[in-house]
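What follows is a set of notes on a single structure, which appears directly below.
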């Protein structure tokens, strides 16, 4: 537990000092979401229809982008060796990294999302669904993403591999997250979607740190 | 008081045998100076002993017990210095050192450790600005931070620790190692010769890794 | 090395002497300008009272473009002649430019809702102003992104020169593409196509904004010079 | 009184005109305050640095700080 | 000239061996474009309307992602020092890097784009516009991107900064690229858009290597 | 035959003076062994001499002419070895070396250069698999590749070149340097003492950088 706090504090400290690229994710999120109307044309009738989906897709991509550096800087400078040798287990490390990743990207995405929703003219009724679905969904992105980041450590085409591994796993989150917003826009009940997302979140919390730790063990050699 | 013993240890990297059938024995309070040509497998041996790299055959005993029986206990007794310096450029010397000390549950008396390697004036400077030797000193200060605590690591695995150090810093390192040995610690130190070897010669044995594989005790 | 800072010292002295006068002029112009803009001018027959937004919107737009041009010129000077004052001028001006661009964007949006019926459209004028805002933010961020201030200044100077292509795009976007936005009616080659009752407050406000910009620029440059000198002194004392 | 209300209503566009002018004022005030505060802070820093510098200046000439 | 060829050959060799992440861009391009229908809902009437824009936006993002490593690996391992000391000037280096970036990302995007166009049900009449606009636009992305990559070398939040600096400069390319496709879909003449893109390309060719070289010179210290 | 001269050279890094008023003179055919504590500015001096880092004051003369008059010519005569090894892990030893040789327009006789540092057996191995010392040897082989050509670099700036080398490799490096000096080349070599210094002692002068700034000739 002390180890967990220590590790999370270190990651947050590094993020604050610009030592990691976590904040990058939000900037990417906002800029990419701002770009779409340029490309798609800002038809005021269409934007709200595609807004929820675009916000979720861009959130997915933003989370994925910030994954690659999750372990690689520790891998390159030998920190990972020392973390492995420390009394704090790799499972705790995996959890701490996912938590820190969520705090530095997920939470910021959550804060930025309503602003983008305004930009896309989403109806007020959809805001709640947007926030709650992102609150449930973004931790899954961090947890599952950790597995991918650990698996591709030191791999030759790390970036490509990571995208290939992770995006398919993200699709269910996308479907139910965007589904909840669309439902809210259309006035349908969104309970089922949120229940499914909660289930995913619990499963990820239970399994992902374990899988990440196993993957990390393979990366140390 | 059996110290560390390896039995017929082998290591394979990239499908090539780096060393095979290696038998070593190091008693508490002694250092082993490991030499050998470039690529002879010193670093690989260090990593195997630390439990970072799996051995291909053979086994390692600590105080008579196979280390694979309790890997957690083994990791707790290892202090490892590799070729790279695990420092975050954005963090200051104090922050870097304190993180590792706290993570290992050691006495977080950071300042004395910085003093021991004469980098106390850099305490609040981000590691980004350090010269090569200053980085190495900060990395080595981890050893000093561990030493103050009651049950610091007993097995030091130092892979060319004197790289980039000036003569003064080499003496500081030698003193740190000698203090460790006086506490019945064990140190395995890879080296290409130099002042460090001379400074700790009294308490050190020598071993040379042959590039072909097996070693020669010297 | 030494002559370089002799110059800034002289600048500092002159700036200190000019500042009170320019500050007074700014305040006076603002008082007169606001009086004309809010009380002594009629509502536009097309736009009604919303025309009063114009008295901040348009001067801010002019200043935001002029400020970027100024930064680009200073950057060229800094890169070619390595004059240290040019670096300082550029990095002192950037936050002001960003502020004025923000005013343009927000007042424009607030004007757009009643006149166009929407807060925002993705047309060339609005887009290029948004790009200008991002360029300002990028310039500020880049200036501060390095531990070595010189390196930040040089990188930002390169960016300012590259981003300068955006300025003609802002200026002429309304002519090149048909958009919702007004084409130039004051700054045209022939006579201004605008009612003097509106032109007077507009020009007064533009003058006030210009003086305000220059005053703040001097203040910020002095602050930057002082800080640079203080840091140099402290570092040499720490030797 | 009626005049004032009428004027403040801005021909029904009060919700746009006043926020626009307000935002402009706010931005200008913020820029003014930050600039003036930076100037004051820099003056304090400079006099503090000058207070301790003269002792050393004769020995090592700080590069780039002359004048 | 020999230097240019040598440098481009080296970059391509590294890309082939997985030493750089250039191929990542296409994978990202395809995956991201595939994700959008999941998020937005696969309404067959709407997809063609937004397809051209989405393809262009995703191409922009893909190009941007692969920029960050353009110079940073050479910066970190000291290669940039040697490149600067070599008789080949920094201008040539900038041009070579942009060319190699285009060959490894732009060209692949160009090849992948028609497939995505099929996915989005773009009408056959728009294919020509898609290809030509990307042929003119992607080199601009590489050239302008090089400036950003060089400017942010060694910066504190390199990734965020890069996005912040580059995406605004990419917007004009996006507007005219997507505009050409939309025009083609709607049956309007697309000559003006393509002319503007060509103009941008020529300007970028003339100015970008010079600006990149100036930025690189600042990064070596 | 004036060689390299520096006049009142100063260097500022991170707004702090690293060294000031440095006067050096190295004649053709001589090496300068640069020592100094960690952080005293050896690497910074090397980078200033190479033209990688701007000097804050003073100037550098080569054969009587200020080098800032023709920076291109100066860069062409410099061979620089820094703390890092500029190798691409994905490329083989041959590919890495050939790239640098061709880029500098040198005789692309790669094999002899690999021989000179005894890494010919690694010619087709990607640098990823190299041990620390093997990487360093490959980096140094650039010097050997340049030497074969008629107008190779005349000024070698070697920043702790012997880091991680075994004694055999140090001799190879010493021979390479001595051959360069025999051709009236100049070498400036930073060092913390060691075998390399002894091997080239006959043709080397010494200079020690003081941490305070100015240096002491030794």
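Note that the chains take the letters A, B, C, D, E and F in the order they are written out, and that residue 1 is the start of every chain.
We adopt the following convention: contacts are C-beta pairs under 8 Å (C-beta built on N, C-alpha and C of every residue); 3 or more make two chains touch, one makes a residue touch a chain.
None of these values were measured; they are calculated from a predicted model.
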| item | value |
| --- | --- |
| Far-end chain from chain D, centres as C-alpha averages | B |
| Chain whose Cα centroid lies at the greatest distance from that of chain C | B |
| Pair with more cross-chain C-beta pairs in contact, given A-B and C-D | C-D |
| Where chain C and chain D are represented by their mean Cα positions, the distance between them in whole Å | 15 |
| Chain B and chain C: spacing of chain centres that average the CA atoms, whole Å | 59 |
| Inter-centroid spacing, chain E versus chain D (mean Cα positions, whole Å) | 40 |
| Distance from chain F to chain C - Cα centre to Cα centre, in angstrom | 49 |
| Residues of chain D touching at least two other chains | 60, 63-64 |
| Residues of chain F whose C-beta touches two or more other chains | 14, 17, 56-57, 83, 90, 213 |
| Interface hub residues of chain E, defined as touching at least two other chains | 17-19, 156-158, 160, 164, 167, 171, 175, 221 |
| Chain D-facing residues of chain C, complex | 1-2, 4-9, 43, 48-50, 52-53, 56-57, 60, 95-96, 99-100, 102-103, 106-107, 110-111, 113-114, 212, 216, 219-220, 222-227, 229-237, 239 |
| Sites on chain A touched by chain B in the complex | 3, 6-7, 10, 13-14, 17-19, 73-74, 76-79, 81-88, 220-221 |
| Sites on chain F touched by chain C in the complex | 14-17, 56-57, 212-213 |
| Chain C contact footprint on chain E (complex, rising order) | 144, 147, 151-152, 154-158, 160-161, 164-165, 167-169, 171-172, 175, 203, 207, 211, 214-215, 218-219, 221 |
| Sites on chain A touched by chain E in the complex | 17-18, 21, 23-24, 27-28, 31-32, 35-36, 38-41, 46, 49-50, 52-54, 56-57, 60-61, 65, 156-160, 163-164, 167, 171, 174-175, 178, 182 |
